[in-house]
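Let me begin by presenting the structure, written as structure tokens, before commenting on it.
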Amino acid sequence: MIRLDKICVDFGGLRAVDHASFEIGAGRITGLIGPNGAGKTTAFNVIAGAVRPTSGRVILDGRDITRLKPHQRAAAGLARTFQIPHEFDRLSVLENLMAAASAPEGENVINVIFRRGRYAAEEREIYDTARDTIRLLELEHVIDEKAGNLSGGQKKLVELGRALMRKPKVVLLDEIGAGINRTLLGKLADKILMLNRERGLTFCLIEHDLDYVSKLCDHVLVMAQGTLLTEGTVEAVRNDERVIEAYFGGGKYEARL
Amino acid sequence: MELTGLFFYLVSLLILGGIYALLCLALNIQWGMGGLFNAGIAGFYGVGAYSSAILTTAASSRHLGGYGLPVPLGLVGAAILAGLAGWAVAKICVRLKSDYLAMASIGIAEILRLVIVNEDWLTNGSLGVSRIPRPLGDLATGRMSDVVFLGFVWLVVLLVFVASSRLYDSPWGRSLRAIRDNETSAAAAGKNIEKFRIQTFVIGCAVMGIAGGLSAHYFRFLSPTATDPLLVTFLVWVMLMAGGSGNNKGAILGALAIWTLWSVTEIFTNRLPPEWATRSSFIRMLLVGLLLQVVLQRFRAGLIPEKSPPVRFKEEGPEPDR
Amino acid sequence: MIEFINFYLFPALTIGSIYALGAVGISMIFGILRFAHFAHGDLMTLGTYGILAAAAILPVNPLLLIPFGMVLTIVSALLVDRLFYQPLRALPTIYTVISSFGIALVFRSLVQLIWGSENQVFSTGVKPPLVLFDTIRVSVLHLQAIVATAIIAVLLHFFLSRTRTGRSMRAVADDPELAEVSGLDTAKVVRWTWIIGAALAAIAGAFAALNTSAHPNLGWNLLLPMFAAAILGGIGKPMGAMAGGFLIGLAEELSSYHWIGDDALISPSYKTAVAFICMIALLIFRPQGLFKGRLL
Amino acid sequence: DDTKIGVLMDITGPIANFIPPLQNAANLAVKQVNDQGGLLGGTAVAVYGDTTGTAQGAVDAAQKLVNIENVPIVMGSLMSGTTIAAAEAAIIPAGVAQISPTATSPAMTDLQDDGLVFRIVPSDNYQGEILAKMVLADGLDKVALTYVNNDYGVGIGQTFQAAYEAAGGTITASNKHEEKKDSYRSELASLAKGEPQALVVIAYAGDSGGKIVRQAIEGGLFTKFVGTDGLRDELLIENVGADALKTSFFSSPTSPAENPAQKTLHDAFNAEYGEGADKAFVDQTYDATFLALLAIEKAGSTDRAAMAQALRDVAMAPGEKVGPGEWAKAVALLKEGKDIDYDGASGNAEFDANGDVGGYIGKFVVDGDGYKQVEIVE
Amino acid sequence: MTERLSVTDLTAGYGGPPIIEDISLTVEPGEIAVILGPNGAGKSTLLKTIFALTQVAAGSIRLGAKELVGCKTSALVPLGVSAVPQSKNVFATLSVEENLDVGTYAAPPKDKAATREKILALFPDLKDKLGQPAGELSGGQRQMVAMGRALMSEPKLILLDEPTAGLSPAYLERIFDLLLDIRKTGITILMVEQNARQALQIADHGHILVAGRNHVSGTGKELLADEDVRRLFLGGAAA
């Protein structure tokens, strides 16, 4: 589905991503883990077009999208969330979600001024989808709150909600779990599994909570220092010496119950 | 003060108020919806004013012209040329963040002003363009022609109001406000930021051009004194903020309220004792400056604050519920 | 060459000094309080008239009276901030911008009410310029302005990089709320911003008025190039603003030098445009300013 | 009873610094009227309108004068841009007469004004041509020219250039400069090329004109200057000193030599305000105001329709001469049914069909702290 | 010289209806207390209220004998209170070095160089980033800078809003180890966590906030063992 081909990203003197090559398989839920500063977010940014790689190519469904702008990639079916929430702070939660939808008729100036009937049906559908998504995210009680006034975790949920509004083929989730209550996160994981199974959506998620990763992902990529360290099933990766050293530490505070 | 006098003063107040209302609506599209900090309103206003003036006047040896078009066509020309100027500016500057765009647009307006003042062949420089016709010129003469013109101006205001309300209350407007709030995330949601911003800027500038054109027809004479940033750019900003940015009704109300304030203060300062007569203008400026502070402190969010358009739907039926 | 030095370079540096001193305040206010202070030019005017008023009583070199102007501008700035800007701080900055625009009108009309609107000169008669090496003619005032600005630049640099208040300024400029959480007294930083900005505005006004004459529109007329200078230097970079001021001054004046052939490169009528073209070009190609200021 | 006259001036805005003496001039005329028996048997009151130096402000202020204050005649304004906009959009439609003291733009001539708009100052074209003659007569056949880029400077500057070159003079360099800059040294450096004998400066002493002269002297570029009424201002002497201007001369609209009107006015002005009679456009402003007051008196009422004709009647020959300050005399003559002819400090105010005046241009040189008229060109 | 933090009947919000109501809790010197709860429950609001960033409607907050309600935010650091906000917790344009330095302006540590060394030893990743603007760091690195800044002033009471959000398991371990360490020196710690299961293992006390009210309190062990708590707040069944 998405393939990174020898991607390098340089920030000034620092090479944040160093000849990284990996693939996010179609229809799968792939996990991307690695120590802080490994280059995971940067890799996402390269895929989504927010950062232009110094060298290398990004392939989506066999098509080279390295030169496309972020909005063109979004139109090609790519949706993403941001690690640090990027909400539309003066729009309400509902509007945040609706604004994220694609609305070809309603975003046409001529239609808007002269032919308003043209986008009514489209708008209705966007509205319904937004309501459903908000229900799922348990944000109904703040539906009319300005997104800028939400709590840190609620902003993350809105972040996820906007990505789901895009009707995407691939969704990149950057630490959606950090700051989300674990019980709710469990429910979201169920939803992601359902979307993956029923609609064939492809997911790639960066996460530090291994329980969550292992519940969702059958395949895990491990990045360290800008390159792919290893990949495999969660179990395999968990037991990999290099990964333990670079990433897990002693496992003193057990997350499992 | 006799009643007819009062009437005609009101007419003039509403004509200029209407022209300012157009400028405010235009700025509201750019700033209120799009977050584009245009501080060069005077430039686009000037382009519109001179375009319409040159297109509709008879030939003159002193400046370009002699097209003698009817006024409505002149205004269309004003909209197109100001829109084009806006497009060129937007092409270069639209990536800039708000305050930087402000500075760039101030600079561009100043450059446009210099062109107007210096390129005699085009605009007759500081000597100005005279004998600019009024629309429906033969319908009335003398003071009555102001009444006709008033109707004309407010018809334009109404059209622009309807159009901009539709823009505001639409997916287009919503996406625009989303871009205003967060560009990165709007791009990730598939919005072509550049396209949206250029559209916004051009629409706003075209309306500013129309406002400029209308004022040229109202003054019947156009010289660079009509494009002073103080009375065009800054005052319009004051009006929009006072009226409530992000709200079209607020924009119009703000324009009328502040213009009235600006104009009427002089009537009162003229009533000061004669020793003060020579200083009354400064007292008036002082008053305007202080009243502005009062407005800002008392009506923080403007007379009519920004309100997102309702997005509720009736449970059945596809029509938006307004 | 001599012509270039006498008629282009020194005047350009003088104008540059004036822009630079004004731009520092604009840049700092922009950086820390995050708004374009439209009353800054008129603050300059106010300072100038303060000095003028003192000069009417004390017949000494007006440069010695600059402290009077500084006191006036500092007090006015602090007062205005307290009464008008501060209550608006929680709102989007555009409100403060608009408010400062109204304050500009207030300052200007006060100057006109109190001192009248006619031009006023500090001293009459043409002062013979200093002649160096028989060929270089430079006015004493210009030298004073340039040297004073250089000294102020050094002091300012010292203040910003060595004192705790100076260094806190950068943190407050970055994120006032977090600065407050980190225990920095933002109110104090804001106060110092006004004090420095206003003091330098008075000095700039004094040089501008001495160079020509004082009138109520003095500062307003200088405002736009000073903004250009602040941006050129990078917002929130006082030292950059200094450099930006000089660059704008140089660009304006030197653009009409006959670099190629005998004709002015750019008609002097378009002098002001040069400043803006520089600024716009910079904004497009290097939006963080020449010296890497904050991206807004 | 109060009778109002409208006084429209660009009080705030770009030319604010010129205004105070002009307000004094207008107030002086009103005061003299009231001291000498009043207007229409009551008190004359000047109601000010501030154009803010912009077209919008001008129209707005004029609307208030004609509609709210109900004045029968408007004196003003000063800049051509504001004068014409006010006239076209507010004053002419209301059928009110208007007399501008200083609007020099040629566009004033062809206004479609139903004969309502007058001015007391010659069109730029006129002063420019006379100035060309004057410069050549002074033996200067190679000069540099700089004029300020506004209606005043461009009007006179361009006519001067054309007339001067047509009469055989050489302009070594000429440029148009922006107002309000701090340094004109780079312009001056290029103007000094080609060995001109003098620099012709068409600009205001209070703004670019004064700075240009000063910086030219400081830079050692020019020693001789030729200026117009905008530069002929005591401020200039104050600014650069009389010594530096010894060889310079200035042109300014004036009245015939035998007419002592100007001195009368200046004495009265300085007696009232201490100083300032010599400032640019004081004469014209006073005359225009006085004429407007005379016109009301002549019309015998504040009937707008009668104003334009009344203004012509009191301003133009034939008639018994009256001058500045002679209000009581004028009223007495009008009471007797006699025709009067006001000859003012700035000229004899003989309007042509367009409401323009021809007039006299005087040549002035610096004399002590002031200026002295040495010659008159017609 | 350490003091207890006691919050009594605290009601506060952002100008509208109160977000937290009648909250009472105490944290003894040298204790770690952790606040848990669903998103939007008011956890951050509680921390912000202690740090004088919201509007208090009722109640009191005492550090030892000193009443904190009514203090200015900037006055708290000199009193020995330090905070790490949940988001926007670094000065993005300042370098890492300067970010750490800012922590010392209001309350200079006894030995600045030594403190700085200690912090860099704790977060070795920051060592080669000292000159880099904090805005260019990865999410986890920012978290480290924010903690570092708060520790630079050697506080008596430290308020942490989700200090481990976005940190790798290895860093989570380090931070919790560190918290246990500094607790030993008598410093009081109050933190909000969503990595709740881990946090309860080091916490002396836990408080679960729901909809702005204190729902359950108990020792860390009690809460971990409580079946309802596990199911409703710790994602118990899911794992």
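Should a chain be cited, it is by its letter among A, B, C, D and E, assigned in written order, with residues numbered from 1 in that chain.
One rule holds for everything that comes next: a residue touches a chain if its C-beta (ideal position, glycine included) is under 8 Å from a C-beta of that chain, and two chains touch if they have at least 3 such contacts.
Which chain is which protein? Per UniProt: A, E = ABC transporter ATP-binding protein; B, C = Branched-chain amino acid ABC transporter permease.
What you see is a predicted model, and the numbers here were worked out from it, not measured in a lab.
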List every chain that touches both chain B and chain E. A, C
Common contacts of chain D and chain E? C
Determine which of the two chain pairs, A-B or B-D, is joined by the larger number of C-beta pairs in contact. B-D
What whole-number Å value describes the gap between the mean CA coordinates of chain B and chain C? 31
For chain A and chain E, let me know how many angstrom lie between their CA-based centres, rounded off. 28
Per the centroid of Cα atoms for each chain, what is the distance between chain C and chain D, given in Å? 36
Could you state the distance in Å from the CA-based centre of chain C to that of chain E? 44
Where in chain B do residues touch at least two different other chains? 114, 117-118, 282, 284-285
Multi-chain touching residues of chain A, meaning two or more other chains, are none
Where chain D touches two or more other chains simultaneously, the residues are 11-12, 14, 20, 149, 176, 178
Per the touch criterion, the pairs are A-B, A-E, B-C, B-D, C-D, C-E
Please output the residues of chain C touching chain B within their complex, sorted ascending. 30, 36, 38, 83-84, 87-88, 91, 94-95, 97-99, 101-106, 108-110, 112-113, 117, 224, 227-228, 231, 235, 267, 269-270, 272-273, 275-277, 279-280, 283-284, 287, 295-296
List the residues on chain E that touch chain C in their complex, please. 51, 53, 73-78, 83, 85, 88-94, 98, 101-103, 105-107, 149, 153
State the interface residues of chain C toward chain D in the complex, per the touch definition above. 3, 6-8, 11-12, 14-15, 18, 108-109, 112, 116-119, 121, 124-129, 137, 139, 208, 211-213, 215-217, 221-222, 253-254, 256-258, 262-264, 267-269, 271-272
Spell out the part of chain B that touches chain C in their complex, as residue ranges. 31, 37, 92-93, 95-100, 102-104, 106-108, 110-111, 114, 117-118, 234, 237-238, 241, 245, 279, 282-286, 288-290, 292-293, 296-297, 300-301
Within their complex, state which residues of chain E touch chain A. 14, 37-45, 86-87, 125, 132, 136-141, 143-144, 161-162, 165-174, 176-177, 194-198, 201-202, 224, 230-239
